[in-house]
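Letters A, B, C, D and E mark the chains as written, and numbering starts fresh at 1 in each.
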Amino acid sequence: MGSLNIENVKKAFGPVEVLKGINLEVTDGEFVVFVGPSGCGKSTLLRVIAGLEDSTSGRVVIDGADVSATPPAKRGIAMVFQTYALYPHLTVKNNMGLGLRQAGTPAAEIDRRIGIASSMLSLEPYLSRRPAELSGGQRQRVAIGRAVVREPKLFLFDEPLSNLDAALRVNTRLEIAQLHRRLKATMIYVTHDQVEAMTLADKIVVLNAGKIEQIGGPMELYNSPANEFVAGFIGSPKMNFVDGGRLGETAKTIGVRPEHLTVDAKSGAWKGTVVHAEHLGADTNVYLDCEKAGLITVRIFGVYNAEPGATLYATPDPAKTYRFGADGKVLK
Amino acid sequence: MGSLNIENVKKAFGPVEVLKGINLEVTDGEFVVFVGPSGCGKSTLLRVIAGLEDSTSGRVVIDGADVSATPPAKRGIAMVFQTYALYPHLTVKNNMGLGLRQAGTPAAEIDRRIGIASSMLSLEPYLSRRPAELSGGQRQRVAIGRAVVREPKLFLFDEPLSNLDAALRVNTRLEIAQLHRRLKATMIYVTHDQVEAMTLADKIVVLNAGKIEQIGGPMELYNSPANEFVAGFIGSPKMNFVDGGRLGETAKTIGVRPEHLTVDAKSGAWKGTVVHAEHLGADTNVYLDCEKAGLITVRIFGVYNAEPGATLYATPDPAKTYRFGADGKVLK
Amino acid sequence: MSTATRSLPRTIGAHAILLTYTAIALFPVVIVIVNSFKSRAAIFGAPLTPPTPKTFDLIGYTTVIGQGDFIHYFQNSLVVTVASLFFVLLFGAMAAFALSEYRFRGNSLMGLYLALGIMIPIRLATVAILQLMVASGLVNTLTALILVYTAQGLPLAVFILSEFMKQVSDDLKNAGRIDGLSEYTIFFRLVLPLVRPSMATVAVFTMIPIWNDLWFPLILAPSEETKTVTLGAQLFLGQFVTNWNAILAALSLAIMPVLILYVIFSRQLIRGITSGAVK
Amino acid sequence: MAAAPKRPFRWHIGVFLAPAVLVYTAIMILPLAGTLQLSLFRNINQSQVFVGLENFRMLFGDPNWSVNFWNALRNNVWFFIIHMLVQNPIGVLLAALLSSPRLRFSAFYRTAIFVPTILSFVIVGFAWKLILSPLWGVAPNLMDLVGLKSLFTPWLGKEQYALTTLSLISVWQFVGIPMMLIYAALLSIPDEVIEAAECDGITGMSQFWKIKLPLILPSIGIISILTFVGNFNAFDLIYTAQGALAGPNYSTDILGTFLYRAFFGFQLQVGDPNMGAAIATMMFLIILGGVCVYLFLVQTRLRRYQF
Amino acid sequence: QDVTLNIESWRGDDLAIWKDKLIPAFEAKNPGIKVVFAPSAPTEYDAALGAKLAAGSAGDLITCRPFDKSLELFKKGNLADISTLPGMENFSDVAKAAWQTDDGKASFCVPMASVIHGFIYNKDAFDQLGIKVPTTNEEFYAALDKIKADGTYIPMAMGTKDLWEAATMGYQNIGPNYWKGEEGRAALIKGEQKLTDPDWVAPYAELAKWKDYLGDGFEAQTYPDSQNLFTLGRAAIYPAGSWEIGLFNTQAQFKMGAFPPPVQKAGDTCYISDHTDIGMGLNAASKNADAAKTFLSWVASPDFATIYANALPGFFSLNSTPVKMEDPLAQEFVSWRDKCKSTIRSTYQILSRGTPNLENETWVESANVINGTDTPEAAAKKLQDGLDSWYKPAK
């Protein structure tokens, strides 16, 4: 119940090939996060899984059965649309309850589930409003609520928290994790938020331009990215890529994450000038223009005062540098 | 050119008071970020400034002139809607160019500006598509592009980057900062992203339930929040609030940010049990259930291995704890 | 949407219902057209059978072609219909936009006023209209017909279009306003393209009574130069003798242009025209 | 929009309204008003004399008029009921079927079903009289095929059936109108809402009832009021099929035919524009009443959704 | 400069005749005058003409319906007084009566033609069944019974759907024999007789009997249906107006004959309806009155009468100068003028001026009687009640 196999799925809109052969196996109860640059095909893949879009070729297998001919309603899924797609004529409560009512769930049970979902999403005060009377974040929460109450075996979330504030986002994220544990449902989750991806995923799928770049556990991707793309995509601020030649290395590119650089005013591997410092409170990003390494970002824990123009030395942690070949693959 | 005064603006939808008297002064060329929990009235305030919504009372003054009677088209503003509000029947290019064409901008100039905007937003491959054929993030970028090409004196951005991936978000954020410098335009920017708020803002306005909680520079808010709400809202993960009584303090509540706690396996101020550890790659959030302080979050730079159930001691940095009175106000 | 969203029984059911209704809708029409190719005796002798070599007769069509300049009549009908349609759609959409978009004093009264026209048969005003046309020297011109049909079509157009225009997202129009578009540009560039399906609907509803109208051509423009097809076909409706062959032929012919216009307009009935606009 | 004291005058509203209002007023309203006011006059020795409400008193007081009026009104109500019960549901059903995405041949169906609507009344009258005629055998033969021949009667010639038969013919002719309006309305429902419903398990009929119907309710309102207005103004079909006397024995007489006879006269009956105008005024008031109920009670309560 | 005259007419049927015969004949004699015959559908004619006259865009020459319709136009000043038009002397007072004021002082239309009612029958069928042309009611029903018994033919082709067929071809056709033509009609107008009198109810009683001889579903049978039924040879007898002759001649593939309405018993005087039906007047607002008068004078001439009556057999000239007609069936009809007494339709003069309109009611009731939904007595009572409600005959 809830396993999913995607076998060589391709999807083209006219001449534009959006999915270029996706193979993915999701076991029952897994929490899989899709990440990838905007426009890489994440939503399209979710829609193919849901049955809202036909794949041009390939198969989608849910629980061992090829579902190409199964309508979305019969696939046992719930989906949070990136665009919400709320029912404009129904109140928040009915937006959430409609699917259950259709399924013949007893009224008491419907009310109970709506109660749980709306308290989890802080939607109680808005239960009798219509979508047009809600703020963007509230609408997004209704969309989540609508999916959540159905308690299916397979959830598809398309950037469900993008319009929520930080506090609510953390809360909701925890609630989703809890829901996942409670229902033992399989969840497929698209996000652009690194924290969400890292904290929620059993498995992260990195997509790029319609292809899967790498699949793995969060820390696995962070620690051993398969290639330059994944290395750059996972982690924020982005990994610094330095031309291997300039550093006298054999590798084409050397990668080092901002957090794996230490700075010192006196000495270090790379001498550079401070271009700009971003103060985020808990940490500071310092942009250094280095003689040897070009423009790099250094992430420093806590508040660090660096005046633009000052000279600083950055030193990479040698145990945590990555070496990439000409094809972008990591060199072991 | 581009200054903005909001004087005691109130807005009610029927019985629901959404803005409860907002006073705000924005000088010309300032970059002001609105943050606040979902549904607190940020979009509504932007819409009042744009003239799309009548305030129930109060005045909006742009460049010294009361604009209550000025239609939106005459206010010299550009806006990115939270819902995008793209012209569905026009191509990306025409979506961006329509306003300019209306203003009688020469075709060459229009093309130039669209060229700049679309390269800044990586939209070049999509210029002849219609919104329906774009991904969520691409739509959002079109919405930004449409505002950007007009180069007005006052920009209103409503969560413009929420659907973009981290890399693109950083890029676009930098481009917006650059645009701000180049045009010397006033910008009002709504976001839920702490990094955006901290890095872009000259001034952050924290809204809560239709009221302004605090106005100040990013680090000012981080370092000296006026009250519990702001303290909790700025910074992620959220500040830990501990019952003052339990710690034997006179203050009602003691606040300490997760990044201002250090952990040690042997000794420390607060003994606790690890509940859960979130590995984000660059840092780790450890949730501790402390005897004295209750459930707290500790943010540790880098990878930190903490098994749930293990005992850890957390110690707050005494210089960086906050004390809040019963009314939530900070005690100096 | 995907193929998976279609279920086979439901598709079959839909086709069954539609086919049945199509048969009901077309049967009488087919009878008319089939019989227009038969001799009179065969029409009434065996109306159900298709023309056989023995009963095949183009007498209807030859009569029609022989009697009067039907090509010219077609042209007149077309000019009148298309011109009236243009004005009805333009003026009607403009007024509908004003009524649906702006709140101003007297808005609903104006709406009611503009709807009055569908409540009284305009035929009653014939004498006054004719007097007006006589006074302005427009009798026996197509202009007279175009004016009358424009006025006649407006109420319905305004009524329907204002309802549909209320559905156009405010955010979209507001985005236009913020973009500095004038109200006119908003109307022409944003709203009109987005209500295309309803414009097409109104076009079709307006066109049919105009094309088929007998009365005003008879009153306002009965001259040979300005005769419309319907009026021309009427020649064959006699007092005691009705030339059914010719009537059927003339009217069968007259179906074609409207059908073509209909097909043209109904291509504007397109799905998803507003998708991708807002989230 | 902004409601401020010194808002500039919104000329554009006037510009948008002006062409329609001018043409419509000059060519429709003024002439019609001129005609309706005749109801307050009476032609005495070739000159119009003001008689107040005398014509209305006659219309309702004189059985020669009132019997016919009430008969026509009653028939008209029945005519309307049949349209509401048959035409509009069928129209909505067809539109709903046609709008199912990816339905093959839908353009063909749509065109075919609309064909009757574009026909002139002459053809409609001819075709149905031919089909229903007991003489030429179309209907009897067809019914024979399905073994229902015994049910055949000359419907158009029997007082008890004629009106219903004609109403059904009119339904046949005009189903295209609600169909097309509803179809246009259905097209404007965003695909994504439907997709969400599909995922939610709301498919088929319940999708129609629970999602689509509420969203097109304003259009249903429109077709109802248009049916009402159209039916109470109807005239041509009865006139071409049954003649101005709306036989047999006035059983198909509706307000339109009654008005026509009175206003324009018929055969030896000389037209009486004054009484005609009085009847027209009554029709106008009935329709106006219906439209006002719709505009001010129904329409304002219908929720509209923007897409 | 040529003058162009427009003729308003409801006779679309005659378009070809006007175009090919009458107009060329006139134009040949009157260079400088062009004539355009512009008919409209008969059902729209009165309304359209009324509107055009009121607004001043009507044609110069107006085809006149008989009696009140035209009288009304004259009273409104739409039709010019043409009492003194050269050519009017060609018509008898009876002929002119349909287009004169009640006092007979002013004439406003040139009489063009009358039509005669009777029965046309399928001679082949009669021969085949050995039926003699009936002259009395008894023979008439005997013939019908015989046809019905045989079953090859529908005895009589008539339907009630169009109402007027029942009234005009039925009631007005056979009625004069009962109410004694002009005598009864005049008495009715004077108020000396009532429609409920036996003489007036009797024709309804006859009509009620016809029901059995009509085709299946005659209730829904229209007038063109009846024509087709007869001309396609499926019916034996057709209650007719003489105007059918032209059409039937071209359409029927069998020999036809005609007989006048049968009398009650042998030896009774026979009466026929010889109804003044069509005239032509001058639009008082015509800008070409002189040319129009020239044309009207020509219409009043024997020349016109000859062309018209021969081109349209069954429309009999009202000109005092006898017209020689070629068509045998037309000759048959017109020959009854000598044998029988002529009258016009009972409802046309004066009696249809009020509300309810006697003519309309007669249509409805005639159909009702044949359909069996009203008894003859009930029908007659309704008509008389209606008439009484407004008609107060000057005593």
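The rule is short, and it goes like this: a contact is a pair of C-beta atoms (placed from the backbone, for glycine too) under 8 Å apart; a residue touches a chain by one contact, two chains touch by 3 or more.
Since we're looking at a predicted model, the values are computed, not measured.
Among the remaining chains, those touching chain C and also chain E are D.
Of all chain pairs, the one linked by the largest number of contacting C-beta pairs is C-D. Centre-to-centre spacing of chain A and chain E amounts to 92 Å, using the average Cα coordinate of each chain. Between chain C and chain D, the centres computed from C-alpha atoms are 15 Å apart.
Remark: chain A and chain B have CA centroids separated by 20 Å (rounded to whole angstrom). Taking the mean of the C-alpha atoms as each chain's centre, chain A and chain C sit 54 Å apart. In chain D, 1, 135-136, 190, 192, 195, 198, 203, 305-307 are the positions where the chain touches two or more neighbouring chains simultaneously. Each of the following residues of chain C touches two or more other chains: 1, 3, 5-7, 44, 127, 169, 171, 182, 214, 234, 237, 244, 272-275, 277-279. Residues of chain B in contact with at least two other chains: 51, 71, 83, 133-134, 136.
The touching residues of chain E, counted against chain C in their complex, run 10-13, 15, 36, 38-44, 47-48, 50-52, 54-57, 223-225, 227-228, 232, 241, 243-244, 246-247, 251. The part of chain B that touches chain A in the complex is made up of residues 13, 35-39, 42-44, 82-83, 133-138, 141, 158-159, 162-170, 192-195, 198-199, 218-219, 222-223, 232-238, 257-259, 278-283, 299, 301-303.
Those residues of chain A whose C-beta lies close enough to touch chain C in the complex are 51-54, 67-72, 82-84.
Here chain D touches chain A in the complex through residues 190, 192-193, 195-203, 206, 210-211, 214-215, 303, 305-307, going by the rule given at the top.
If you check the complex, the residues on chain A that touch chain D are 50-52, 71-73, 77-79, 81, 83, 85-90, 98-99, 102-103, 132, 146, 150.
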